[in-house]
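Here come two complexes built around subunit A, the first alongside subunit B, the second alongside subunit C.
After this line comes the complex of A and B, so read on.
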């Protein structure tokens, strides 16, 4: 898609990124040069919504691992409820999910288990930076040292003096009650681990000193946003120090910090987490195949299928810095012995690079066992589920629910159909079914050479398979054609950007408010040859990522754009104004 | 399972208690603690009333599910024939309706949401109000370690019909091993232990919680209204936790039937019907012991989801797919495979009821002191019908409910059973439900006058 602001952007560079975002928004009304010259400081106040996110289960585990070690982290099941998938991402559900009383009790149980291990004989010498004067008594100094440092890491910002005093008091009181310094310390740590400051990632904003009418994330909130986007983990010591020094609020400091994080080996974890979420791989936590129909598919097979795809993605996007679109056509992947039976290929121990045959039917993510098996029934394939997943996961299109009053009687006639295509053909005889099935089935049927476990098959029930199909006007004859049509789909890049920005800012994008900004990211993505690290860098360094959107500025921008703010926005403005008065 | 045996005079009363130090209690700890009627402990404390839910997916095959006869001694058509042994303990409710009014009929969603919350949802993501178990737990669940417990036989942590609000679902226990560890691991106090020593850590935890709440209150000021509400909910959870800590400082009342079970093996994932049944029975046994040990008085068991994907080995359609794609056999008058899945569900419902009935408490059973409310999501799933949605109850709620009855609702709201359940549990409400699902009419036929 050609954006009229491309030329502006090319000359503006990152330093003027925030100007460009606004300029893009105003594109319908003014020319490039006019817009830049007419931008005022007020109009630059455009950012992302402030959010309060619950840690995800992986983020909880990663936080504990980062502060206290992987052995302790892996000994406790993260006490985090399942998220509602929101706009395609579990991560976007974290900004809305509530915590029930029962969940709080699970959080306490996990906290008690972690705290007890941190102070036990095996760990205390490594994890506690001092020894008490007497093990049987309180030692405020030593307790303060431990609490100050671990609290800073857990809360992702320094503890206030009053908070530190309170926690040391708890440790001292507990040590007196239990006659044990370490028990006291563990109870203070428990209190930290059940604190909302740990469990929730809270965006906190402040007035930008050089632009008093704008609100930016405070340095520690920005550090958290960066590290959870890029590493799926809390800020490390260096990032916290950069936040403390104010470096993240300078262009140079922020750029250095982002570049360091992008260059870290930990980027892999962030990329894995994002794609695991995007591809709804949480399904694998409860996925199973009928052992009678698919005897070679065990729980381990499915675990490896998930891992294969994540390895492929990380290698392609991070290690090779290749074109994102080529993920849908690449024959390069990784193979393990556990997967080899499903792929009908020899394999050695462990994981090794693997390339599908040049003339074979496998190419790209859509032909991975993970995609094929996760979007099938336990006993048979499902072209509808596969087509739906393709559209919703990679193209951000929404396939509607089936209508409630569907007459399924025509399906009964298809009971003896040999192939899925014949079965699904009956949907087209019913207008209320056809609407949705025509959206999903043509491309899903093109994957019918793979059964419900993702194994290749020439035929289904002895009948040959017609896998020719169509994806949004592109007709093709085979799987390679579908792969190519997906790779070149005009919505593919925009969808990735939509989801990645939502993932980084902790909630769904607003197509009304963010549309033009996202288009700006897409232009940059094209310029950068569809490389993910460059896209991550653009998002992380963008004005919107580090600034929060005030309701007043939204109204102002809308007025500029002659878009009338709806009543509910006005209500929110009033609510915010009232809150700020308080 | 170990059995506690030997019946002693109920007049032997154990004294002692107990804050602050070790307390010795003579053994054995049997129903010496009960009055002569077996309805209360010897100190006059009544045996607690419990509320449970149970759920299955995808309704019924009406022609072989709904008995011809109403009232007592109703016939058991073939789809519910497995209930023969427990018929005396339960009631079946048919011809009750769920009303969508101006909300859409959300396939496999509207039915269960209305029966559990009283309100028709407006979208699939919409979980209006709160579920009946949450309301009841707020009333009767404050004296136990867990306000309520939920478990699922599907092995999927996302499967729950219990929620506090739209975005706050009560997470079910999905693994037998994890469920066991939660019940009998850290924090478990054996009510029948011979000694009791209050844990000084608990007192510290209480005061630490106050500090946590006080400090975090400051956080709230920077949040918008919705996030503030979420944080308030978190504080409610912390206050609830404080109450639970308080309970841990007192010696729990002895519980005759409470026995610490052996740690179970965990099970593989999967929804093959036999595997689901095994998981259901393991979770049931744990749940019932949790109730018997008075760890909770509100308990939710989830046999299958609304889109039940239970499978039959060798049959190529999971349950949900079968409901839509399988033809009604003209000779039989129903869908044979679909019915097979429903029969498996009813077998598990029978197991559940029997397990509660077999658990002795006083002169009766756990079931006698419980009321279990069982619902599904559709009546005839093939057509996504919610008219005539079937329901069950089990237990007499401490002698307040007559059982063994088939009740014809005559097209009245299915919410009447939920309303009745809440009244039985002591909730002071005059009506329940929204719009056409509103009711102020208990199902009088089941109430002991």
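After this line comes the complex of A and C, so read on.
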């Protein structure tokens, strides 16, 4: 899908050059997304696209854990293929991912393993709500009871009668063939676990009774959308009951359900999952630092760096309900003993609250080891990667990839340069480089007091560091200035809203269709003092979140339920992209 | 406060290199926080002055170990009972005496040794430091210098104690320097020894200890090990006053044990990254000996050619301090240990910090 924000960015880049670009970028962006000051009646008619999206690996694990327990969930690797990061989120790629026959095979293997454990002697007594009359024979009534209950939880909606009959028939047939009731039940469960109804989160719509010209998500689709947004897990029993009772289609019922979920301790898991995705922390799974250059950075260090930032975010946004923007200036965080060495500071046992020195260089997420180390090379820092990450992750701006024929010779000739700033200065003399580097390097260079592992340094190769810089027209002298400029950047809140709405609805936003609605969310976000729970509540209770945009969308997306050949998948992806553009 | 002698300055190119690095970064005092800097012990082994072919210190060769002595004592052991052979030797190991045995014990005959002048005197029995300083007291070296197991880099005593420090939290000893104004020169600093209770911070290999880790003080099992004393820093070297009695945890091969050092003192080159130098004093002979035989099985003693029976007699014979009031026999023996430490942040429990 073409992102209108990218068009704005590209246009601005063509019109202006070098530093002028930076100075005028801010106004260019503002003009690209006129915000409305209040939610109009017209906005109430907004709907979101219907999507069918693949469970993420975490959602798969959380689903199994919720239905069958943590021990079984942790015993299998989630058989979910890698997602393509789309418009800044892996979650937005889940609606565009294909499943190959090999991956189907892996899904089947995981299903078989899970099913075998559920019916084994260690688990059957508390996971299966009945006992067969004879273990060596089929027992339709007991099988039906188990399949009906577990199927409802796995599919996130009740099984149809015909589906139930089919699955019981599978269980009975297999039990007769193997002379074992539990083997038969295991096969029926395996069939449920490889079903698209489990593996995919499918939006289903219906005509809204009180507004026949509008289509709304059915209650179970809405329940799934809510629970995966707020908890990163399938609906629990209460939410399913509320869906069955029709409560989610009343304002009061929906409000009560959302408020219950926002008040649950499980909200932390939802918030962690969103920011883990937003900040591309999946890259930590393969992140490595050269042990010769950064001997104190181990796998544990990096794992704790990721955890530190997520703990900070959850505490700041959920526990304290503080201003989202202050995440970029707060000195409050958490520290572990393993991570403390990188920060060159003592730490207590386990994880404990920690506050960076008031006069020190650390404040806000940009100075966390997670951001600094993840956006560096394995042997050195990278102002370009850091600047790019700042713009793309937190401001939703897109920095173009380098051209395929980029000439690195002038950069390589600058090997004698002591600092990154001197090395990167060559970009300013090459117009084909300057266009992009001038929008990434200035703010990245302001973080050069931190090496590639995120450790503080006064100098680089003995040379002092000039960290003064500029972010979209805001000039500053030090790291605190960059943190403040980021905190006050007019696109910071809009970007969070953009990503959060995309995350919740399973795909990238369309700024043509969603722009005014997003602006309405932003106005409310400002009114609510930039508090994340309030924003989540607004999104979850919004008309757009529970309604769909067009019948045409539904028909097209339903096709994705079928597993397709690669060529057909490519065609399908193109069609989806085209549909998004439309 | 008297500071006698000098510590061991180098031991080959590696140590020289590390010291040069240490001196090079000495000016960096960024890790002094609230006039405090701390170090955790990473290496500790007996100072043994070695020449390449050992001809200078051991011209008559190395001492026999249990296997060699057994062969000589019982050439016809097949015809003898276990009670009169193996068990007889084990009884002597665990109940040693000072009566001479039939084996000539090779003491160090060279004049040079690492260590400090502990008694402030220069006598005929003293060694000379390789840098020319006279009056070095190190009779443990005289006893063990010609025993293969105590010589580096492959001797069992040399290898296992350092490995134990890395592996065993039991051995986690630290010094905290307070009232520090400079790591270059400071007329008076206060040093407190603590036991820590955390693993050492290492690099990705798990072997190289890094500066900048954190250690919590073990006030429960380590309170009896706390010692507080004073010192001064001169040209980047910390000299401490003698500590009346220092107990050093010495777990090895999973067997907990200790050493007791009397009138012990540190002499350490300091940097913001670490400290290295010497710990010297008088080791309690019985504690020293029982640590050896408790921690080292017959296998290790045999591998290192360490005859505990003969060594005990030598230690008693060479003991040079702290005479027993009743018998007049010396109970302690001068010694020196190479020590290296890495800078660490020490965390005190809130209640102790308040105190």
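In this section, the second predicted complex is superposed on the first by the 504 of 582 C-alpha atoms of A that agree within 3 Å, B and C clash if a C-alpha of one lies under 4 Å from a C-alpha of the other, contacts with A are read in each partner's own complex, and residues count from 1 in each chain.
Quick note on the criterion: contacts are C-beta pairs under 8 Å (C-beta built on N, C-alpha and C of every residue); 3 or more make two chains touch, one makes a residue touch a chain.
None of these values were measured; they are calculated from a predicted model.
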item	value
Touching partner for A:347 - first (subunit B), second (subunit C), both, neither	second
First, second, both or neither for A:296, with subunit B first and subunit C second	second
Touched partner set for A:463, first subunit B, second subunit C, both or neither	neither
More subunit A residues in contact - subunit B or subunit C	B
Touching partner for A:337 - first (subunit B), second (subunit C), both, neither	second
First, second, both or neither for A:130, with subunit B first and subunit C second	neither
Shared contact residues on subunit A - subunit B and subunit C	291, 299
Residues of subunit A that touch subunit C when the two form their complex	291, 295-299, 337-338, 340-342, 344-349
Residue ranges of subunit A in contact with subunit B within the complex	50-52, 77, 81-82, 84, 86, 93, 96-106, 108-109, 112-113, 162-163, 166-167, 169-170, 173-174, 177-178, 183-184, 187-188, 190-191, 194-197, 199-200, 202, 204-205, 285-288, 290-293, 299, 377-380, 401-402, 404-409, 411-412, 414-415, 423, 572, 575-576, 579, 582
Footprint of subunit A on subunit C - complex, ascending	30-31, 198, 201, 203-205, 208, 210, 212-214, 216, 345-347
Interface residues, subunit B side, partner subunit A - complex	104-107, 124-125, 146-150, 154-158, 163-171, 174, 178, 182, 186-187, 200-201, 203-205, 207-209, 211-212, 214-216, 219, 221-227, 230-231, 233-234, 236-238, 240-241, 244, 268-272, 309, 311, 313-318, 321, 324-328, 382-384
